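Single-structure report; data block below.
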Amino acid sequence: MKYSYFPGCTLHEQSKSFNQSTLASSSALGIELEELKDWYCCGAVFPLRADDIMSLLSPVRTLIGAKKEGKDLVTLCAACYQVLKRTNYLILEDREKREKINNYLEEDYKGDVKVLHLLEVLRDNLGWLGLREKVSHPLSGLKVAPYYGCLLLRPAKEMTFDHPENPTIFEDFLKSLGCDVPDFPYKTECCGAYLGATAKDVVSQTVYNILHGAQKRKIGALIVSCPLCHYNLDFYQGELMKEKSELTPIPIFYFTQLLALALGLSTEVCHFEEHRIDPLPFLGVIK
Amino acid sequence: MKKNSLSPIIKELLKNGTVNYFLAYGKGSFWFKVRPLIIREPVELKNLEWNRFCYPNLTTYLKDSSRSQDKIGVVVKGCDVKSVVELIKGNQIDRENLFLLQVPCDGTVDPGKVENLVWISKLKVTGFEETGNGLEFITKEGRVSVNKEEVFFSKCYKCDFAPSPLVDRYLDEERLEKNQPSIDNPDLYEELRIIEEMNPEKRSIYWEKQFSRCIRCFACRNVCPVCYCPTCVFDQKDTSWISKGVKPEENNIFHLTRALHVATLCTGCGECERVCPMKLPLMELNLKLIKEVDELYHYKAGVDLQSISPLKEYGKDDYDEFK
Amino acid sequence: MEIVAFLCNWCSYAGADLAGTSRFKYPANIKVIRVPCSSRVNPTFILKALANGADGVMVSGCHPGDCHYTTGNYFTRRRLLLMKRLLEFTGVNPDRVHLYWISASEGTKFAEAVKEVVEKVGKLEKNPMSSIEGEIRYEKK
Amino acid sequence: MTTMNSNNLSINIPPLILKKEYFQGFLEAIKDKYELYIPSEEDGVTLIREYSSGDKLSENYFNVSLPIRNLFFPQEEILFKFSLKENYNLEEKEMLSRERVIFGVRPCDILSLSLLDLVFESEKKDSYYLNKRDKSIIIGLGCVAPQESCFCTSFGVEPGKVIGADISLTDLGENYLVEILSLKGESLVNYCSSIFSKAEERDFLRGKNIQSKTRELMPSRLESEAKPLNLEKYFESPEWQKLAETCLGCGICTYLCPTCHCFDISDKRWLEEGQRFRCWDSCMFSDFTLMTSGHNPRINKKERVRQRFMHKLSYFYNRFSEIACVGCGRCLKYCPVDIDITRVIGVFKDEGK
Amino acid sequence: MKKIGVFVCWCGLNISRTVDIERVIKEVSRHPQVVVSTDYKYLCSEPGQNLIQKYVEENELGGLVVAACSPNMHELTFRSVAQRCGINPYLCEMTNIREQCSWVHDDREEATHKAIDLIIMTVEKVLRSDPLYSSTVPLTKKALVIGAGISGMESALDIANAGYEVSLVDKRPYIGGHMTQLSETFPTLDCAQCILTPKTAEVARHPNIKILPYSEVVEIKGYVGNFEAKIKRKATYVDWDKCTGCGICVEKCPQKTYSEFERGLKERKSIDIPFPQAVPFKVTIDKESCIYLKKNKCGVCAKICPAEAVDFQQQDTIIEEKFGAIVVATGFELLEGDDLAEYGYGKYKDILDGMQFERLNSSSGPTSGKILRPSDGKEPKELVFIQCAGSRDREKGVPYCSRICCMYTAKHARLYKQKVPDGQAYIFYMDIRAGGKGYEEFIYRSVDEGNILYLRGQVSKVFEEDGKLMVWGMDTLSSKKIEIAADMVVLANAMIPSQGSKLLASILKVGTDEHGFFQEAHPKLRPIESLTRGVFLAGCSQSPKDITDTVAQGSAAASKVMAMFSNDTIKVEPVVSLVKKEDCSGCFACEIACPYGAIEHEEYKGRQVAFVNAALCQGCGSCTVACRAGVVDLMGFSNKQILAEVEALLWK
């Protein structure tokens, strides 16, 4: 299984853990991720203004790059995934916009690159059973819940990733790693996103709700696929710990970190040092 | 050669009453022509012929035979069997009253092409002989030998012969596999490309020229095995589908309509083009539709008795380019 | 410019009527022939129209799935698709023949469709066999 | 036989030579004054087409696929326009005024014109046809390479030698031998006399030689002169059924025949204007004899095939003492199922009148 | 050739404003066959019609062209005028110069030319029109009603009372439909059972009604007046003639299974009578769960049945019968599944749908009328109702309004408050749609007296936390985010067509709308008829409605049937296809193209040729194109007519 791979800026800088755990585990699973030769900023946010063509150019350039390499394009960062996938959808569906955009580009793009999330690859190409077989160190006993956030799922029509209200792909993933997966209604709640920059109190509230919800359900850790969610849940958790004594630490993992562990890869690729909430005590159970 | 092995079989079938008469090939007026032969009496077998020029598709004589109760035998080539399939599907023949005798064929020769190779009337060809991989034309000025692939009908290169359950009797079974010219995966729609690649203007000029030559002799229609309507639309007196006057634009109504009428029935036997005295490239029209039907609805005519013509069916989620 | 329109009685013709009652304006080049169902439209009618000089032909039926006769327009879709491909192949500009799905409630769509057809056909050079324009046909008084 | 231009009296131009290098110039010159038609090839079909500058004479053509009769008796021809307004006036279709030259007509086709003349001249004169005949100058071109299908000699045609045209050309290889056969021919030659040079004695002899040589090349489809046949008594012969049973009923034989001349007449009308036109029809078509009542006297292929041969070989003779065939061989060359008139003549040949 | 009269209508100013009518009649009169070309202010008026009659008589016209409004408007009018003048109605055609000319064009010149062209086209058409005569076919005065819900029963009763036989089919083993499951009905709050049971009883014992419970229609052939139906009676594995409904078998049966009637709130036995008032009062064995039928063990019921009614060998049987008319009353179902995921529907026990809540309220229900939580049997103190659960949702669920939810939710809340006076009821709503007699009042009473808390806004999420159901929603009036820790949540699920109605539609050859509800012939003027003659629609099979409307439509459908049955024959439209058999090749391409199976085979000169059954043919003309030879032609829209129109327009 060969794919082009679009890491995006964060995975190169902030979240090495995400990047490396991914590369390590996917090669262990026989999924070849080949980083795009030249890729550009995904644009971070999908522009919602009707006349905003410019901010779409760089994702389209990336897609053209992928087109040239002729393989499906895999991404991880929920933001990159959303922007690329929605851009593709727009190009496909909106003839007028397509022409406008192509006017600015050296070569025309028809929206024919398939944009995939690693989870989709696992589900559709490897299959959960296939994954289960590859798991050498099942994470049995770990009570982990998924945290989807918003970017992966919405708008459902365009993302077609999973059911927007009742997604299960993460659960299936965790189950095949051997974790036990409790119901977690907060899994699609907002993490506060960029408000962290302007309205910290909002973020700490949302984060509190999520963590508190998890704590009530005796959830030991959450997994995410979004560096921003990760940042909010991990960093702000640290902040909250200071005043909210009732909170117990809940480490936040990138799903690929647990994948790496389950596949028995060395913990280096997981770069736990990046975490503010130290995951080791939690992981102690299996260590 | 083969004709010798052919006649005893036919004789037998006539004798034991398996068939009332037999459609076969007979000696023609010219070395490059054969004459459809209807054999009722064994004596007529003396005119029996089988050679490179047995290109006519005799199944056209089966049109509407279901009206008569005659049991009919036909000498068929692999490609002719396809027409039989469509005739049966169109209820034109009763399978029971039919006896198909298939002769191994690895290509028939297009006299037109021969004419282009050796200008016949100059060096008076008196006849021809088969050599290993070619043909030799015997002329007053000596022998001219040509590679047979050069002079085959284009349909023969594309021959996709496969033994058919419809055939009652094969003439020498063991030669079955040798039943195709030695050209692997031929470009089925070769002829189309040239035209498809023209720009629209050139294309319309091209076709205007072709259609303007038509003299409405209706040979293309009458020879076509799947043009089996007892009265063709264009022969209807009371309805003015086309006016009797021969105008190019009305010619194109005729030819396009005909192409649409045989669409999903045309097996590509090429008789229409073969008989056209004005050399209209009629197969290009039929082939285009064969291609489209294949690509849109994955259907090929003459393959089997079960599959239904896509024009007689519909699909709820068909390809739809209309608003 | 002459454009012949074949409208199915139940959807598109009613749609055209609705365009009328709602006073949506559209070009007068379109001349409607009413047929019960788009599946009544014989491709040869269209060839005939073009050969006799129509600059464009428009066929319109109920939306696939909503055919008054349940399945008629499914046949139309196949018949006209093949025909368009053939026409294009013989050098007839595909913009001369149009098929639309217009329901009885889509008066606006009908008006728009007509405008679109007239515009597209207008872009083509005149059908060589096209008839003389009306004003010449009927001597002014 | 009488032809429009049989006034061969006192032509005092000796045989000439037309160098092939001047040939194109010759055509150009004619075109300046006349409407010019020459055999030209397009998409592998050789037809007589109107000449426009630069057109090449079709190479190696033995004869045109369509006989030249459609230049005199076109497949569709408007006869007149009419109006139903108060004064029901007819508007005659105007006739050819300009003279035209038809180049490269083969001897058999030239003969066919004389047969058509019989039809269109006798009793009722057909002004449409006669006008075209009258306005046409025909340049015949002797055959050098008869076809498998040729049997014109059986009708007294010298394939190499042009008779009955206005000008005769004989291909000498590098140039043509030009003989003037009529005053019309003379006028044409005079018009562009500079292009020709006088023929030497040896050119002339060579020409004659080639003309007679061609005869030797003829295949012998019919060993002798074709005799008019007394087919009437064979009206019920089973042979007809045999002949007809493979016939497809197409119009090739009739439409490609230089002597067939059946036509149909009908009207087009709009409001109070209308026009009447005629167009070819073929006795091989099932509706040829279909009557308004629905009755059809020639309901089967047998009757139609019989009719065609009877007409050519017998009925026509009864009227005009000529057989309506010139041995051009088109019908047997092009018949998709190889129905062969020479075979028919063969079958009944002993039945001379 | 016919003499044609052309009559151009001014329609007051509607046409004359943009079309130069004087010019039109002058130009048209140039047509040799047009002997009359005249105009009038309002042709459809009495004097207008008389004018036409006058001209016809004076000039012995053979055909009429009326240039006026759309034929959909007045074709009938003028064709009957023609008839009055002794001209075959089908020799009268209309030219639409209003809707499709004067109203849509401004340029007088253009509009006038167009009018002329269109009229000439019509003239050419009429010149080629043949007189057509509508034929009649006998009819079977017996009706088939599919679905024995309240609308089906109503239809059946009305038809039966008019003296005609009716067969009443239902896929369930009992009649009465959904109404049997209801507790009380709005706005009167009277008990559903009490008003229903008399009806079911009446239906059951009516001499003209044959009820066929536990049966399904599997095939319909034929046509209006003469439908041939195949009805499958599913095996009940109990001989109902013997069964007395004593119920001993039910007691003894060891196998429990899901109860459709109680919507899973209570289990039932494999052999069971769905509910105490069921008609017919007979037991049925559920073959999915019955131990004997699955494992060939047990068979207790058979052993103990005093009437020896149990018969495991019983097979499905097919009944074949002829009917003249069909009423479709297949009712509705509730939307379920993923579309309601955000409400945790199907995930948490205490989240119920409306029908389940009806069962809770029903005195014969699982809790014998007490409001208790399925999870722990406690009485819910905080109860949240969510309206438009799946309805009016453009993204998922269904886009339409289910029409009854506002009312029954209010009813539910009222019932709840009666039973749990100290409980608090919240209702999330988008709008309150209470269009109906006494409905609005009912809502207000609920709000005022019932002190039920109406919250305008939608719920974003329901989930379990600390043993409560957290309901997150929005009150758009105070624009506050609302969080309620509820004990029970009741959803007003969207109404969708009952499962299998798509299949039935294809069996009946009638259309369905995009949501799968049966398609009426005209949304306003023919809401009871389907597009197939002789098939009528009633109740929720056509669209969501309340009991009142359902009953009304049931009666309406019945009256349509009765109107039909009041004649001994049925008139058949003559606009049908016709085969020129001598030219038919017998390829039967037409047969496959015909959506009505109207093409039949007949013997002609030793071969099979096509033959059109005029009664079946609906005149779509699809066959005419399928036939290459144009041998099948459509009367009234014949090839030569249409070609003439084309040529007329394009004449050079």
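We just call them A, B, C, D and E in the order they show up, numbering each chain from 1.
Throughout what follows, a contact is a pair of C-beta atoms (placed from the backbone, for glycine too) under 8 Å apart; a residue touches a chain by one contact, two chains touch by 3 or more.
Predicted, not measured: the structure shown is a model, and the values here were computed from it.
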Number of hops, chain A to chain C, where each hop joins two touching chains: 2
Farthest from chain B in C-alpha centre terms, which chain would that be? A
Selected pair, greater C-beta contact count between D-E and B-E: B-E
Using the mean of all protein Cα atoms as the middle point, what chain has its own Cα mean nearest that point? C
Report the chain whose mean Cα position is at the greatest distance from that of chain E. D
Using mean CA coordinates as chain centres, what's the gap between chain D and chain E in Å? 73
Quick check: how many Å separate the C-alpha centres of chain B and chain D? 32
Can you work out the whole-Å distance between the CA centroids of chain A and chain E? 48
Just how far, in Å, is the C-alpha centre of chain C from the one of chain B? 37
Would you mind listing the residues of chain E that make contact with two or more other chains? 593, 626, 630, 639, 643, 647, 651
Which parts of chain D, given as residue numbers and ranges, touch two or more other chains? none
Determine which chains touch and list them pairwise. A-E, B-C, B-D, B-E, C-E, D-E
In the complex of these two chains, what residues of chain B are touching chain D? 28-31, 33-38, 56, 60-61, 112, 119-122, 124, 209-210, 213, 215-219, 221-223, 235, 237, 243-247, 271, 274-275, 277-279, 281
Once bound in the complex, which stretches of chain B touch chain C? 192, 195-196, 198, 200-208, 233, 241, 249-250, 252-253, 256-257, 259-260, 263, 285, 288-289, 292-293, 296-297, 310-311, 314-316, 318-323
Note which residues of chain D are touching chain B in the complex, please. 42-45, 47, 60, 62, 65-66, 75-76, 145-149, 217, 219, 245-246, 248-252, 255-256, 264, 266, 268, 277, 279-280, 282, 285-287, 290, 332, 334, 336-338, 340, 342-343
Chain D-touching residues of chain E, taken from the complex the two chains share: 30-32, 120, 651
Touching residues (chain side chain A, partner chain E) in the complex: 156-157, 163, 165-166, 183, 185, 213, 216
